[in-house]
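Some structures to go through are shown next.
Each of the next two complexes has chain A plus one more chain, namely chain B in the first and chain C in the second.
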Partner chain A sequence: MTSMEIWKIFEPDNYYKSFLEQNKRPDGRGLVDTRPITIKVGTVNTAEGSATVRIGHTAVMCGVKAELAKPALRKPNEGFIVPNVELYPCCSPKFKAGPPGEKAMEASQFIKNVIISSKMLNLEELCIKSNKLAWCLYCDVVCLNYDGNLLDAALVSFMAALQNVKLPEVTYDEETERIHVGLDRSIPVILKAKPVSTTFTLWSEEIQLIDPTAEDEDQGSGEVTVVLLEDGKMCTINKSGGQLITHETLDLFVRHGKEQIKKINDCIERALIEQMDAS
Partner chain B sequence: MSQHLCEIGYLSRSDGSSLYCIGGTVVLASVNGPGDVKASNRHYNRTQLDVCYSPSTGQSMIGERALESVISKTIEQAIIVHLHPRTAINVTLQEMQSDGLALSTSINAACLALLDAGVQMKSTFSAVTCCIASSGAIILEPTEAEIKESSAVVTFVFDGLEYNVLSAYQDGSLDSDTFNLCLIKCQLAAKDITAIFRKTIEDKHKFDKS
Partner chain C sequence: MDIISPEGLRQDGRTATCLRTISCRLGLYDRPNGSAYIEMGNTKVLAAVYGPREVRSLSKQQLDDCVIQCQVSRIAACQGERVRRPMDPRTRAMSLQIAGVFQGAIRKSKYPGSQIDIYVQVLQADGGVMSACINASTLALIHAGVELVDYVVSCTASMYKQTAIIDVTNQETMNGCELTISLLPNKELIVSLDTSHTIHQEQFEPVMELAMTGCQQVYESMQSEVESYLRDKHAIMSHR
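Moving on, here comes the complex of A and B:
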């Protein structure tokens, strides 16, 4: 064990602080540098759409499964979309087996909020026959390795998987009530917006860290996630508790968020084209 | 701004309690602690905070659990957790009547109940919700019907000293200029709410003396 490792174990706070004093993080990044991101779509053959995303050491996988269902009585013209985030104990010792924990539920609700706020999907387009038949898209996000910034990774994988979805053609015969499902998957899901989220960890009033690792999250006090649409409009903001922040800091977060929009969306675009060329 | 009504010491058996209503939303909050805690939740350096929120109708689903985590992270930041190691503080919130403002009413109710219980805090905190009507106007403390018609709903929690942002929770999209406008409007409203807190507590202690 080197002396640095010993220092880290015995005085984790001082160890971490000494990096921040030099405007660096233990992994060598500056305070406003993001980690490299890699996206691969179509990683699960049996799902209608899928994507695997890596942000640094955080790895997240999303699969979209389409099922035919009866529309809800209240909304007979609408299909369903059900996001779900799972954090199994294999991704980090922080999570226990059993029913979804607080963090997993928070992430599921976060994706649901983004879907509703950004109005990215017209649920009526998922309806095949009013009051009879509609698509239900189950979007399962599974974390494979947890190293911070779950929300960003989950949203990127969700967006990439959704753009990878190809649904088969379905016809519904009203007289015989028979459902015919086409053999080849060809119909994409049309997205009206492509929201991108950016997460910051608050360390002190002056110091905020973009794209936090698990260590940054442990040392900091609370995260702020800003979700922006392509045109820079604010989609949702998520700050639960944590260090107090001023008005100006929020503005700064939005500015940094805007820089991320094009980068992430281009990255997804490239992954989609790559997959199309391969198949 | 809608009418705020509140009462503290509403429940006789809990350490602190409050009934808070904003417009048509009513929340009952009860605080117990610092008290005994299960060994698995015992922290050597701080108190464990448990928040339980139940909606007025139906069971607690993912949406309510997410609300619960926003509330609990907000409270955790305000109270001085290091003062009572190896204990737990329980905050129970029961929505009695629902009219769209569950989050802000719950947070305000929790703050008053914590004050009533005498739990030491760094500062008080107050929550304000506002929504953007389809006409573009900002409505402070809207009703459920107004929220349904609106394009975005934002809830802010401010601390009681500098009125900085403690928590922010947004549904629906809006541009950053409108967001800042909402922030300023809510900040002003938060000052009024803190004044209501102060008056409620003052009244209670006036009554105690006589």
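Moving on, here comes the complex of A and C:
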């Protein structure tokens, strides 16, 4: 064990602080540098749409399964979309087996919030026959390796998987009530907005870190996630407690977030084209 | 629909005694002590090993023995129908069986009073899930540096009419039995044997024989992956 590692174990706070004083992080990045991101779509053939995303060491996978369901009585013209995030002990020793923990539920709720506030989907397009038949898209995000910044990774994989979805053609015969499902999957889901999120860890009033690793998250106090649409419009901001910030800092976050939009959407686009060429 | 065409080929173009392509990788992640990924045709499985570490609950601790725990979970999109619960009685039974297999294969006396956790995640299921889980766990344990008596390799086989077929897909098990065998390839000892559905006693012998030859082939591809991993790793280490 090197002396640096010993120092890290005995005085984690001091160790970490000494990096920040040099405007660096233990993994060598500056405070406003993001980790490299790789996206691959169509990784699970059994799903209607799927994507695997790696941000640094964080790896998440999203699979979209489509099922036919009866629309809710209250909204007879609308289909459903159900996002769900799972964190198994496989991805990090921090998580226990059993029912979903707080972190997983927070992430599920976050994606649900983004879907609603960005109005990315017109749920009426998922309806096949009013009051009778509609698509229900189950979007399950699984974390394969946890190294911080779950929310960004989950949203990117969710967006990429959703753009990869191909639904079969379904016809509903009203008289015989028979459902006919076409053989080839061809109909894409039309997205009206492509939100991109950027997460920052708050360390102190002056120091904020973009795209935090698990270590950054442990050392910092609270995260802020800024979600912007592709034209730069604000979608949602998620700040659950932690360090207090001024609105100037928030402006700074939005500016950094704007830089991410094009980068991430281009990356998804490229992955989709790559998959199209391969198939 | 015939499982074997008159020309003797199966749906995916294999002959009766041909395995699906196996590709595996060691050491994908740095967080767990050992991790591995295996693809047997369309069946994709990820395994992570934590340990040997301190026993979590003191009541389970045995001073002269090692506690081995396993947990299998399936992701929701892994099969045709969406999996509502990632862990149900079936995966729990699989977990127990895998833990049982490695009770026999890990040199437990080397790790007294400690615990080894194996977490397996099924990413895509297309027949032979159990054997893919066992193979992935073996690779993850090797990557974690846990001492094993021997590799544990597993393979499936089935019977269609009068022909024994190896490494069956989901479709092929629909109306036939599925025999999963796991063995120590160098010692040629059987660790676990599991059949689903009925099989005639006279057909059992050829099916088992075929599965065992399949295991040896699986072993070869796993062995070569481990060797190439070690070679790469050694190259990096000697570079420093």
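In the analysis below, the second predicted complex is superposed on the first by the 279 of 279 C-alpha atoms of A that agree within 3 Å, B and C clash if a C-alpha of one lies under 4 Å from a C-alpha of the other, contacts with A are read in each partner's own complex, and residues count from 1 in each chain.
Convention: contacts are C-beta pairs under 8 Å (C-beta built on N, C-alpha and C of every residue); 3 or more make two chains touch, one makes a residue touch a chain.
Predicted model only: the values in this text are computed from it and were never measured.
*Asks:* So, on chain A, is it clash or fit between chain B and chain C?
*Replies:* With chain A as the common anchor, chain B and chain C both fit in the superposed model.
*Asks:* Does the superposition put A:81 against chain B (first), chain C (second), both, or neither?
*Replies:* neither
*Asks:* By the touch definition at the top of the document, which applies to A:142: first (chain B), second (chain C), both, or neither?
*Replies:* A:142 sits against chain C, while chain B stays out of touch.
*Asks:* Pick one for A:102: touches chain B only (first), chain C only (second), both, or neither.
*Replies:* First partner only, chain B.
*Asks:* Scan A:222 for contacts with chain B and chain C and give back first, second, both or neither.
*Replies:* A:222: touches chain B, not chain C.
*Asks:* After lining up the shared chain so the two structures overlap, which partner does A:247 touch, if you call chain B first and chain C second: first, second, both or neither?
*Replies:* first
*Asks:* For A:234 in the superposed arrangement: first (chain B), second (chain C), both or neither?
*Replies:* first
*Asks:* Tell me the contact category for A:116 with respect to chain B and chain C: first, second, both or neither.
*Replies:* The first partner, chain B, only.
*Asks:* Using C-alpha centres in the superposed arrangement, which angle lies between chain B and chain C as seen from chain A, in steps of 10 degrees?
*Replies:* An angle of 120 degrees, rounded.
*Asks:* Taking the superposed arrangement, what is the smallest distance in Å from a C-alpha atom of chain B to one of chain C?
*Replies:* 12
*Asks:* Which residues of chain C touch chain A in the complex?
*Replies:* On the chain C side, the touching residues are 28-32, 42, 44, 46, 48, 50, 71, 73, 75-80, 82, 86-87, 117, 119-121, 123-126.
*Asks:* Quick one: in the complex, what on chain A touches chain B?
*Replies:* The contact residues of chain A facing chain B are 102, 105-106, 108-110, 112-113, 116-119, 221-222, 224, 229, 232-247, 250-251, 254.
*Asks:* What residues on chain B touch chain A, complex-wise?
*Replies:* Answer in residue numbers: 62-63, 65-66, 69-70, 72-77, 152, 154, 159, 162, 164-176, 179-180, 183.
*Asks:* Quick check: in the complex, which residue numbers of chain A touch chain C?
*Replies:* Interface residues on chain A, with respect to chain C: 43-47, 50, 57, 59, 61, 63-65, 67, 84, 86, 88-93, 97, 138, 140, 142, 144-147.
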